[in-house]
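Next, two complexes with subunit A in common: one pairs it with subunit B, the other with subunit C.
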Partner chain A sequence: MLREFCQWLYDSTIGTSIRESIWVFPIIETIHVLGITLLIGTIAILDLRLLGLVLRREEVSRLASQILPLTWAGFGVMFVSGFLLFWAEAAKCYANPAFRIKLLLLILVGLNPLVFHLTIYRSVLSWNEQLVTPLRARLAGFFSLTLWGGIVCAGRAIAYFQK
Partner chain B sequence: MFMLHVFQWLGNSPVGIFMQQSTYAFAVTEMLHLLSLSILGGTILIVDLRLLGVGLRSQSAAALDRELKPYLIGSLTVSVLTGILLLSEEPMKCYYNEAFRLKMLFLALAVFFYFIIQERLFQREPSAGTNLLAKAMGVVSLLLWLSVGLAGRAIGII
Partner chain C sequence: MIYLSNNTGEFMETLYHLAIPEAFVLEGINMKTKLAIGGFLAIALLIVPLLAHHSFSAEFDGTKPIHLQGVVTRIEWANPHVYFYIDVTGADDKVENWGCETAGPGGLLRRGWKRDSLKVGDHVTVNGYRAKDGSRLADARHITLPDGRRIFGGTPGDGGPGDPAAKSPGA
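Here is the complex of A and B:
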């Protein structure tokens, strides 16, 4: 099922034109990396604050409300450009181990803030100003940083496994 | 001529030979290069966007810069070091690559702009982040770093 879908995307007019154009693919790739920079750069600030490493005098909730719009903007750019890249190479990505690992890590990195917001972040007002946040908040920051790092590495590795 | 000799020396150095012969060294170094770039790009974006009045408005741009500077310098160091390792794998190809030359030019300009010009603004106006000069500096810095990234991507294409 999935394999047929990937093949269908790969053979579609749009997928083929992105793949066969000399400039379109690298340009989308560059936009993808810029989107990732915005996404990871901003989320890393929040993660590092949860770990008590930067902006320690800033309230966590105030930092989050100012920084998350930028993170979402980066996510939007990354997602759209990433999907276009996938569209062009879908059939090759399907069997690519680095691509599979990256998707798995993306699911995990999506679950992390979900759990964070549904649990420890509900009580944010009680630890908003603490230099060192509760253990579960620090764990969320740690997992976010490691998972996003893994996603960058797996993403780069896709090109090495693309046949 | 001097730079040509430096590049040749780099390619023939033990590090260069290791990078050329190893199967995984280049790939792993490239990943580290990308990881440090995302931190570097992120810290620069946060400060420059703040200069434009976007993002962390509860902090002044100068305060943000002070807080994030260790990460900026650390990630810049790692990207330069991993960049030299990547360069040692194919120094002659890079030497004659126009995109590589452009990237080095933009990198020098961006670093100069940050450490010499932007820093002066932060020291003179600790609450910088509202006037036109601050906005102009944010735009120039973003454009310079964007050019570094675009030229860097182009190295592998041309």
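Here is the complex of A and C:
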């Protein structure tokens, strides 16, 4: 079912023209790589603040509200460019172990902020100015950095398992 | 306690100050943390060049050259690598299908290898290197097209044999 869908995407006109293009594919690829800086760079700032490693004089909520729009913009760039690359290579991605690990990590990395915002972040006003944030906030920062790092590595590894 | 020689410690501290902008420098950060961050950066600096530009040696074995002659059965004109498949008849008349990996469409076009330069049914000669996993896959370094042109098929900068972008004398 999923495999048929991937094959259908792969064989579609748009998928085929991206795959066979001279410029479009590398341009999308470049945008996808540049987008990492916007997405993970902004995420890292907040994560490192939660860990108490940078910008410790800034209130967490103020930092978060300023950074979040940039993170979402980065996510938009990454999702669109990433989906276009997947579209071009869908049938090969389906069987690619690195791609599967990447998707799994993406699900986990999505759960992390969900838990964070529904739990410890609700009481942010009480620890907003702490140099060292509560353990659960630090854990959220740690998991975020680790998972995003893993996603970049798995993404890079896709190329080495593409047959 | 981690023992570090003075020089190593100084190097890591310098790395830390080079990497962390003034505005981010932590107040009251202790030397141990600085050394840890510096050490992490040193390891990262060592690993990054290893990851980059090794698409040849990641998949193929430079010590296992292979010479293939056969008939094209399929062509995948695709990014990021073009693949073509050939039926190779062995000495015992057994036919084996081999996959040949080359650069992407852009790279091939710059060398004058157009999309229709190779067609199903064409007879080609490939000089390349076998895949490390032992499968019937080769990195096609040089391909002799049906019109007689011998074209470099590798990806520039992949560090493989004959890489025009490599500086080593073996290139």
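In this section, the second predicted complex is superposed on the first by the 163 of 163 C-alpha atoms of A that agree within 3 Å, B and C clash if a C-alpha of one lies under 4 Å from a C-alpha of the other, contacts with A are read in each partner's own complex, and residues count from 1 in each chain.
Note that in this section a contact is a pair of C-beta atoms (placed from the backbone, for glycine too) under 8 Å apart; a residue touches a chain by one contact, two chains touch by 3 or more.
Remember, predicted model here, so these are calculated numbers, not experimental data.
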Subunit C versus subunit B, contacts on subunit A by residue: B
Subunit B versus subunit C as contact partner of A:Ser123, first or second or both or neither: neither
First (subunit B), second (subunit C), both or neither touched by A:Ser17: neither
Partner chain(s) touched by A:Arg156 [first = subunit B, second = subunit C, both, neither]: both
First, second, both or neither for A:Glu29, with subunit B first and subunit C second: both
Touched partner set for A:Val54, first subunit B, second subunit C, both or neither: both
Touching partner for A:Ala88 - first (subunit B), second (subunit C), both, neither: second
Common ground on subunit A, meaning residues reached by subunit C in one complex and by subunit B in the other: 26, 29, 54-55, 156, 160
Residue ranges of subunit A in contact with subunit C within the complex: 18-23, 25-26, 29, 53-56, 88-89, 156, 159-160, 162-163
Contact footprint of subunit A on subunit C as seen in their complex: 24, 26-27, 51, 55, 58-59, 77-81, 99, 104-106, 109, 115, 137
Residue ranges of subunit A touching subunit B (in the complex, touch as defined): 26, 29-30, 33-34, 36-38, 40-42, 44-45, 48, 54-55, 58, 62-63, 66-67, 70, 148-149, 152-153, 156-157, 160
Contact footprint of subunit A on subunit B as seen in their complex: 27, 30-31, 34-35, 37-39, 41-46, 49, 54-59, 64, 67-68, 71, 146, 149-150, 153-154, 157
